[in-house]
Amino acid sequence: MQDGTSQVIDLEQPRTERMPIHPAHRQAGYSYLLHRHHEDEFDPEKSGPRTGAAGVLVCSEHTGTHIDALSHQSDSLVLCGGVPVSEVQSPRGFTRHGVEEIPPIVAPGVLLDVAAKDGVESLEPGRVVTAADLAECCEAQGVGVEAGSVALVRLGNAGFWHDEERYLAGPGMDASAARWMADRSVLAVGADNMAWDVPGVKDPELGCLMPGHLILLARHGIYIIENLALDELAASGRYTFQFVCTPLKLVGATGSPVRPLALVSA
Amino acid sequence: MQDGTSQVIDLEQPRTERMPIHPAHRQAGYSYLLHRHHEDEFDPEKSGPRTGAAGVLVCSEHTGTHIDALSHQSDSLVLCGGVPVSEVQSPRGFTRHGVEEIPPIVAPGVLLDVAAKDGVESLEPGRVVTAADLAECCEAQGVGVEAGSVALVRLGNAGFWHDEERYLAGPGMDASAARWMADRSVLAVGADNMAWDVPGVKDPELGCLMPGHLILLARHGIYIIENLALDELAASGRYTFQFVCTPLKLVGATGSPVRPLALVSA
Amino acid sequence: MQDGTSQVIDLEQPRTERMPIHPAHRQAGYSYLLHRHHEDEFDPEKSGPRTGAAGVLVCSEHTGTHIDALSHQSDSLVLCGGVPVSEVQSPRGFTRHGVEEIPPIVAPGVLLDVAAKDGVESLEPGRVVTAADLAECCEAQGVGVEAGSVALVRLGNAGFWHDEERYLAGPGMDASAARWMADRSVLAVGADNMAWDVPGVKDPELGCLMPGHLILLARHGIYIIENLALDELAASGRYTFQFVCTPLKLVGATGSPVRPLALVSA
Amino acid sequence: MQDGTSQVIDLEQPRTERMPIHPAHRQAGYSYLLHRHHEDEFDPEKSGPRTGAAGVLVCSEHTGTHIDALSHQSDSLVLCGGVPVSEVQSPRGFTRHGVEEIPPIVAPGVLLDVAAKDGVESLEPGRVVTAADLAECCEAQGVGVEAGSVALVRLGNAGFWHDEERYLAGPGMDASAARWMADRSVLAVGADNMAWDVPGVKDPELGCLMPGHLILLARHGIYIIENLALDELAASGRYTFQFVCTPLKLVGATGSPVRPLALVSA
């Protein structure tokens, strides 16, 4: 471990066929199927004692703990930075703003623990977290959100990973919270819910569901990390840390499964 | 970036349908298919300006830059540590030694640049790298391989990523090299070829192909990372670094795609 | 249409992501994802007015209306006709008794309408259909079951195709019914439920669930066709017909989706 | 078998991972992976002697012997019958002209054996079959092509199924041949090549590749069946037969794998 790092905290939820999946990504779903079994090739006289096993993975890139690439969202069919969808979209993904363009993320991280601020274990389903909530968190925790950093918002939702219905009904952020993050020029945001935004709530001004996705990805080029496991980090009592996240270079894809880490200093 | 880190070097090859795939994993292969296109849901009067796109990923867990879990290899149908395959294998993967058991790897890393030692850009196809080669590298580079570290062997093969036939024919390590690593109690090894071992060469003593897989995974519990992109790291001239690698917790799987990093100090 | 055929009755249920799937096959599941959309390649000046669209299908071969191949079931690890599993099984399927060995089925068909015999629209969940039921059907309908024919048993379950829970809970056949069919040397049997057998009932003598699968496939080489849509055929009032079923030659697979037909004579 | 049918001829090519695939459908490809192996659940004391095996199928609906649905092709983004693509296309396929709308095909069939007419075993790669060729076939064979029938064109290409490069380079039909079929109001056409049309040839008048696809599917609602195995039928010497083809009701899909049959009368 690097000088000064005393603890590596894993922020990924386990991936299984029973994990919660957003309705928009349920058809691709998540499956892991083992097809090569060790016995299949065991023939010690001919091939020695070694055998191998392997499987096939079928999944949406938006299942489990994952990061959204800029190609994932458009603003009236234009991607972040004025890139028209029609010029970069193909059946094999995007030639611009695919997830392979996200550099490895090694950046200052900050945890805003809204559940702790509210004095609850977990926010209620449907609870709308606003810019005011985020500002209060910063004050309560004595931290700020700096440009270029990664800001993780804890809603206390991670513990419901094994209860799809409750997990999906969870709380989320409104447009003001997304704008608050954009104003601070963060590199990425993350949360312990399925889609950052509050499920099923249309923003009255923007006229769309999931306004944070529009504001952050399409309008400000800020990545969103979803389905984070933030309870161990919160329990550590450390609100600032080194954040590491390495999106796979799935060329053309609109996101990637990830296993982010918080490296906590001694 | 953490205090003292001056450079983040990406060690992952890009993932595309044209990348080299080991014959054993070709049937599952690698595909990314975009099924939700932005136009599909664009209906601004009803849903505002936001649209989303997403795809499906179908792949072997052993495609692209990836790490092998201990369940990937057996020694006469027994996994590392005396775990009988018959007790832990299922159509949905392994209940022991699945890739989700690999902790996040944040460890000292060392690069052994065999190509540089030999004064070539890349080792010839079929070139067998031995324990003696590795020891010579250490001496030439003035480095050692410590217990608990991750040792990456550069063969100069990474540049052939876009030429499947040449890439697969590449050089590799023999059993002596694997034993040399095991003697040093490394946490993991890696290389810039498809399968660490020399392709198609049966070890005369063990009687099997890919002896390194048997020795490292099944007999010593040492993970193997394959298809690394090591040229930028070699060009940096830094043989020691902080190594970070975060295998996805694909519960039960025999490996995981990864995007490892070398964090180089100032 | 051939001389004398007055009606072609379709016996396949529609295939959608919401159709009932047997728990044993749910992980592979059923998905159809359109990745090539017509707009993607529309470029009339360069390529003229023609565009194409296409998708990817991911499914268990045992989803929807399908036929079981002989490799699907073993009797103590021996397939029908004394073929040891260990000699013919591989990660890519079976080298013997794969579904490609089933010839095109063009054979006399007979419908045994147990629901009609009982005077109900559909048999209750858990209702066990026995050899006696089948014999009574034959007598009531004035038909026999001949060697080489295909015998379809109607339980009145097909109408629940859009209600997975009710569909899966449906009625089925016990071991005596399977033996009755085997005694008559039919080529294949079929029914309008998920798995021919009664769900969840262990046969006291054989000690296994789904005894019909053991008796028919592994012990007598009789194919089983599942999830048939039999209501239109029953409504036609024709108990005998020409039965046509063309399993896809998915080399090595343990079954195939099919769209069987009943050709009813004038 | 029905009265008068003396022979059932199978017109499907076997499906394997090595079969030829059209470049447009190669990314989805074709894989069959067996994940449930018989040994996995063998536990005779607890579960009796019965075991099961099953796999997962991943494929484009346009692999192997298959039929194209009307949604597969558009004429300037309008499907057959004036259906705008924008109204019926979704990530999950088409709500109109999906393959489930093709009724079971039980129709008079006719074989036009162009290879035999030319006195060759197989037409050369790139050979363009025209309306004149088809008319000459009819005359040479003493047959006509009737409205509502299915017309199969034999190029002698089926024998190259195991040689992808040669198979894909095969001969095909030009626009005149497609118009000749449309003029006769056939229900469907078929051929023993990958895509009916000549590979890589742009029609000078229409300005597009694969003009037959535009003419037949988008402009006349005539289905195309590809990759037929026609050699056994040709060898039978019977140019007219009962043709049976049952596309799977893959709701929304642009085609379906099929196993067509020719029922030849005594």
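For reference, chains read A, B, C and D in written order, and residue numbers begin at 1 within each chain.
Heads up, the rule we're going with is that contacts are C-beta pairs under 8 Å (C-beta built on N, C-alpha and C of every residue); 3 or more make two chains touch, one makes a residue touch a chain.
Since we're looking at a predicted model, the values are computed, not measured.
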Between A-C and A-B, the pair with more C-beta contacts: A-B
Averaged-CA centre spacing for the pair subunit C and subunit A, given as whole angstrom: 42
Averaged-CA centre spacing for the pair subunit B and subunit A, given as whole angstrom: 24
In subunit A, residues with contacts to at least two other chains: 17, 27-28, 31, 33-37, 39-40, 55-56, 58, 89-92
Touch-based graph of the chains, sorted into line, ring, star, complete or other: complete
Residue numbers on subunit D that touch subunit C, as the complex places them: 1-5, 8, 10, 12-17, 24-25, 27-28, 32-39, 42, 44, 47-62, 64, 71-77, 85, 89-94, 100, 103-104, 106-107, 202-203, 206-211, 213-214, 218, 242, 244, 246-255, 257-261, 263
Subunit C - residues contacting subunit A, complex: 17, 27-29, 31-33, 35-37, 39-40, 58, 86, 89-92
